[in-house]
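Heads up, the next two complexes both have chain A, just with different partners, chain B and then chain C.
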Partner chain A sequence: MSVITTIPARRFSRFNAERWRATPGPFKVGAVILVAHALFAILGVFWTPYGFAEMGAGLPLSGASWQHPMGLDQIGRDVFSRFMHGAHIVLMLSFAGTMLGMVAGTTLGLLSGYIGGWFDEVTQRIVEAMISIPFLALALVMIIAAGPALAGEPVLIVFVVGLVYAPRIVRIARAAAMDIATREYVAVAELRGEGTWSIVFREILPNAANVLLVEFSLRLSYAPILIGALGFLGFGIRPPTPEWGLMISENRNLLIASPVTVFGPGLGLASLVIGFNLFTDGLSRMLGQRPVAGA
Partner chain B sequence: MSVLRLLASRILFSVLTLLLVSVLIFLILEALPGDVATRILGRDATAKALELLRSQLDLDQPALVRYFQWLGDFLRGDLGVSIATGRPITDVLGPRIVNTLLLSLFAFAIYLVLALVPAIIQATNRGKAVDNIISVITLVLLSLPDFLLATILLFLFAVAVPILPALATISEASTWQETLRAMVLPAVTLAIMMAVYAIRVLRDSLIEVLRSDYVRLAELKGLRPTAVLFRHALPNAIVPALNVTALNLGFLIGGVVIVERVFSYPGFGTLLIDALQLRDIPLIKATVMISAVVYVAANLVADVLAVLLQPRLRTSR
Partner chain C sequence: MKNLIEVRNLNIAYGGPSGWTNVVQDVSFEIAPGEAFGLVGESGCGKSTVAYRLLGYGTINSLVQTGEVLFDGTDLLKLDAASLMRLRGNRIAFVPQNPTTSLSPGMRVGSQICEMIATHKALPDGMTMERRIVELFTLVGLPDVGHRYPHELSGGQQQRVTIAMAVACNPDLLVLDEPTTGLDVTTQRQIIQLLADLRSRIGMAMLYVTHDLALLAQIADRVGVMYAGQLVEVAPCDKLLSAPAHPYSRGLIASIPTNDGTDRQARSLRGMLRRDEMSTGCKFEPRCDFATGACRATPQLLELIEDARSVACMRWREATAPLAPSVTAKAVARTAVRSESLLSVTELSLSYQQPGLFNRLLGRTSPAVVREINLNLAAGEVVALVGESGSGKSTIARAISGRLPPRAGIIRLDGTALAPSLKDRSVEELRQIQYIFQNPDASLNPRRRIRSILERPLEHFGIDADENRLETVLENVGLHAGYLDRFPEQLSGGERQRIAIARALLVNPKLLICDEILSALDVSVQARIVELLRSLKETQAVAMLFISHDLAVVQQLADRVAVLYRGELMQLAETDMLLGAPLHPYTEMLLKAAPGLKKDHYVSRPPAVQGSKAIPGVGCPLAGRCPRQIGNTCAENRPPVQVTPAGIIRCHIPSEALVRHSSPTDHNGQAEQIRSMS
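So, the complex of A and B:
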């Protein structure tokens, strides 16, 4: 029997000082932005300059100042404090939703790609159908279907983000599994008599890790936008929770009186997504994947 | 011949996909466990209101019967009656679809320019400052949520420098100049959102084509650079961008929801949001189904175009 030389790709697990110096610039900038956002979000859980729901923190609509960098809204709530408190909500919802989509999508996609046959056919048709419904429409319809009892609950948002993402991730995972299934070590594992689950999760999954990691990062970049859009349209997290999309929507009436209440949180949201995008771009280059174009 | 067979199988799969979409929409909206009427009206609805809604939605029939009735009606062009307004959905939808089609065409025309021009500039100036500057701008725009970009443009051109109307409320009474002016901001927002995805793909594929042998040959033959670019390189570089354009059409259908909302444009997107807010199930089903039909049709067209534009694909698939 010939020696199997292919080693499972584990490059992603080794980040050290040398690697950091050798990493592409965009990745570093992205990573720094993301770390700053994470620290800001953690701080926002424990401390904000004013209470996030505290009315009368200052003169309503008085614009930006040192005390109120993002101004004050109609009822005198400090927008910066709300923005700060909302940071961990946005990050956690994005992360949980993407994670749910990744777990569901990866499991189904890898199984579908490896098993093939009618199971694959059925899965692909359902995935195709789900992708054919514009994702925002799909998300909104699911929120309506969940009914008024669940509306505005974080659990529902996480679930919806996961369900919108899952079919898109299934496709990526399936393509990776179909490619890896032809390798020698999978054939060897089959000859050893390993079961389907064991092959999928112990042979195929580790080798698809690079592809999946980039996909995770890409989906994570888009999650704050999706969650923000739901909030903006009034179908997201329930007020007065300061989710950023909801805040931008609420303060839009103040666009003429105090634009900073809209563009402050807007800038914050955009910088988070820029951080994610740069990070994803750098990550995909470092892991030898094709640069990703989004969508 | 193989092109025809390919076409036939693609069409067949598209129809199958749409059938599945109809099942999915029906399942999500009407066949989830629990009482549909209670879910729509909330727990504190009166028994009378619940009863009325049940009869409006034919909820006394089994789900399977209701599904096939809906599907049959849909295929015959009967979309049912809107619960909120009591009007036939086809009457409500018609003008909205026309408005959104107008907006989309306008946006698409701007999109072509916004995608092609920067990509050509980048590819012909590879590695130079202008290439990097456009890359950075693209990345920033790519990271802007559509609702934020729409709000920024609204602020810039309707509040700070008031040259365009903030609200795109058009009606049959508006003249075509008014309609066009009202559509500028929403159309530009949509075009930018679509273009940022296409620019990257188009730039990369154009660079690849510009390095190929046949472009070299065309240059060595002594053709003018513009002739090489537009007659030889561009048609071949556009194929990968076609896929993005199909994806973009999918985005456009979702994007109009937000952009129309921001500018209060009376189109398909605002209708969907209204339907969702009023929990008008027949109207929701009809609008979502139609958006899926458009998406699938757009992908089909993009696939067929890709085959026709690149002979290599005719045999390899």
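So, the complex of A and C:
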């Protein structure tokens, strides 16, 4: 691995109009939605019409208007500003949590699939036990176990998402590794006397990347729902921070008085999840189509 | 005579991101009723594409298509789905390449055939479905296996089932797409025999698509040679083989290794089919020895040169003339000096599963796959392991390489015993034995560049990896430094196999294990890899354990041959002696089954004692199949090892008796059989 100096980026570089046209429709729609979300989130970090925690920005519960497109909540905070500021929080929490689950799940899954034997048996039984618990219940148990000191910390949310996802990713990675482990290039590496880590990360991981990438974006698309659900139940981020699930929870009493305050975050979550799903769908179609000899 | 099917000016192009690719260009041929037409060419020449069009199939994938396929006056390419469905299977039937994947695994084979007959309502009058199916099984030489599932049948039997399915409706035309490619030599010959037999009985026409000219010699009346989507020569089979007119046909025929001892390497094909460097004129021009400037500019069209024979080459007169098989004495320098033994295998027995603790306590053992093999390899010597699939050739190689710890026996390298499992072997020992796998698609990591594929072993074994070293090794295998930055998927099969060989050679091994490394490649590519291995053997003095099912290739390369059958070493002898006088009945069977370039009227000899299965682990495994079995002795006792001048042999029949039988009869015996048949 010492001298790979040859412009590996060439294959991926430059936005190519030809290639964009060749991509499947869902991928395009999904990508546009996600890019919009990302820009919106970046904008929300630097500028919002009002401060996200600024009380009395207008008349509480006055409904939608040009100044307040998503209305105002009980204590007169501008919901649109809160919505904008919350966008990056949702995205970052989902991304970090999924990433954590991905790293842990992939490592354990690939090792388990390649090594096999009792290691595989033990890992799989633990994983099965974790999967058999409904994910929300598992998440709540973990939050409660973490104790009040950590409650509401973003780190805890990231860990919870990671731990809920890891076992599911383990299964996928294990299946891919078991298949790839029978390939002859793995045998070649074994005959060379390579160690387990080297085989798993040099030979198996690059070839499982297709499957794992699709799994990653699929998991990513459910992460906002999980985080939103935790927020809604009050186990998520601590209140003044405008996380979308939390916002829906806070404003749910106002559903009759000022329904527009709930619509904003709800639509945001829905469009994000739909965007992720379309993107993933297109991505898996593209990767599935791509003929890779022997992989 | 009226033609059964006529292909006229067929053009097919596929569209891709880089524009159009012409897959088939101006192909025209016709098949008369009852005729067997062969279509031959290297992989990627479009032969299967043409074959599928004869069923009107695959018309959706191609984006440009002109020409017509006339079957009984109707153009199949213009028919709608419903009428095609009535035609397919009923009047035009298809036999696929791989029976294992084309039979539905969850359905009994009887009902799969039944489905075929029911769809086309092709049950003959006054006959029940059950009787018809049994009749079909008899026709293809199977017992009534209708209640079995596909996985319960062997590969040969599965192919017989697909053939039975194809002939179930008495079709007029049978399209066969490489039907014997995945099968053993002996099974392959039985299938060919069956097809020839069916043809004479049912009188159907056949289109036989294959890359193996030697097989076509056995079955086809006329042969069309395809190159880069064009027919370059159409000729009666025997004429094509004896005097090919097109330079490509010549090269193709010269590439085929034969058992007749002639050395034709000199004239095999160079280069490879590259669709990206086609000239506007003759497609074959870049690889042709006869090419002139005019060839590059003028497209070559098929023209009639004599009765029923046409060729697409303006210089066919020159090309036809000097094909005298140069019978040179084989120049392979046999390593005469039997220096110290490099690898020695003693009393090696293998089984797939290590008995678990529980079974070991009960004294149970799993059956041995390989039994008591003794084998020696001198430095720089090439020993071939030959046998049908399931004979344990690769299993032995796995044990030597350390991937399968043996149940008993010792493997020594350079006098020191090797540890049974891979983990306990030293890095140095690992370096000295290098393994090359059958399928280069799977043995190179598709996500790594050639450079890192080659550098990794060097780094691992602590050898200095400089640019020069990589370039030299690539040159040694006939490639250049430009390949270093490519991915395996950008290489052709032959090039990938060269990379695999380069990777093995790079670390200076003493022993190279070549596990069927040619079987995934085209004939012309095979010929060049054999050439490469021969030169490596002379220049690098590396010993090779060459595993193959192809005796003809073995003959060109090996010093000694070990013949295996069901895990037993049947014979070990010098190559020339073994091929000249096979002695062992099994070796004889293998040799006879290998198709030559002439029609040889192969008839498989019936076993001497029917249905006498050997007692597992005791009797001779060949019992029940051996044409020269002597009573029950063979099935019940372990055959003794006899030492012959050329090597060793394991058989109950005394070696003197074997000599007397085998040497003069090779031809007489066959003649007798032919007489008794007619």
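As a working rule, the second predicted complex is superposed on the first by the 271 of 295 C-alpha atoms of A that agree within 3 Å, B and C clash if a C-alpha of one lies under 4 Å from a C-alpha of the other, contacts with A are read in each partner's own complex, and residues count from 1 in each chain.
Here is the rule we use: contacts are C-beta pairs under 8 Å (C-beta built on N, C-alpha and C of every residue); 3 or more make two chains touch, one makes a residue touch a chain.
Keep in mind it's a predicted model, so treat the numbers as computed, not measured.
Asker: Using the touch definition from the top, say if A:Arg238 reaches chain B (first), chain C (second), both or neither.
Answerer: After superposing on A, A:Arg238 lies clear of both chain B and chain C.
Asker: When the two structures are overlaid on chain A, which partner does A:Ala22 contact: first (chain B), second (chain C), both, or neither?
Answerer: In the superposed model, A:Ala22 contacts chain C only, not chain B.
Asker: After superposition on the shared chain, which partner residues are touched by A:Phe263: those of chain B (first), chain C (second), both, or neither?
Answerer: first
Asker: Name the contact category of A:Tyr185: first (chain B only), second (chain C only), both, or neither.
Answerer: Once the two structures are laid over each other on A, A:Tyr185 reaches chain C alone.
Asker: Name the contact category of A:Leu140: first (chain B only), second (chain C only), both, or neither.
Answerer: Touch partner of A:Leu140: chain B, not chain C.
Asker: Return first, second, both or neither, reflecting whether A:Met130 touches chain B, chain C, both chains, or no partner chain.
Answerer: In the superposed model, A:Met130 contacts chain B only, not chain C.
Asker: Check whether A:Pro206 is in contact with chain B, with chain C, with both or with neither, and answer first, second, both or neither.
Answerer: Only chain C; A:Pro206 stays clear of chain B.
Asker: Specify the partner with more touching residues on chain A, choosing between chain B and chain C.
Answerer: Higher number of touched chain A residues: B.
Asker: Share the list of chain A residues that count as touching for chain B in one structure and for chain C in the other.
Answerer: Residues common to the chain A contacts of chain C and of chain B are 291, 293-295, listed in rising order.
Asker: Considering the complex alone, what residue numbers of chain A touch chain C?
Answerer: 1-4, 6, 18, 22, 183-185, 187-188, 190-194, 202-203, 206-207, 209, 291-295
Asker: State the interface residues of chain B toward chain A in the complex, per the touch definition above.
Answerer: 13, 16-18, 20-21, 23-25, 28-29, 32, 34, 38-40, 42-43, 139-140, 142-148, 151-152, 154-155, 159, 197, 200-201, 204, 244, 247-248, 250-251, 253-254, 257-258, 261, 272-273, 276-277, 279, 284, 287-288, 291-292, 295-296
Asker: Taking the complex as given, what residues does chain C use to touch chain A?
Answerer: Touching chain A from chain C are residues 17, 401-403, 422, 425, 427, 430, 433-435, 437-439, 441-449, 451-452, 455-457, 459-461, 465, 485, 488-489, 503.
Asker: Considering the complex alone, what residue numbers of chain A touch chain B?
Answerer: Residues of chain A touching chain B: 125-126, 128-130, 132-138, 140-142, 144-145, 147-149, 221, 224-225, 228-229, 232-235, 245, 248-249, 252, 255-256, 259, 262-263, 266, 269-270, 273-274, 276-278, 281, 291, 293-295.
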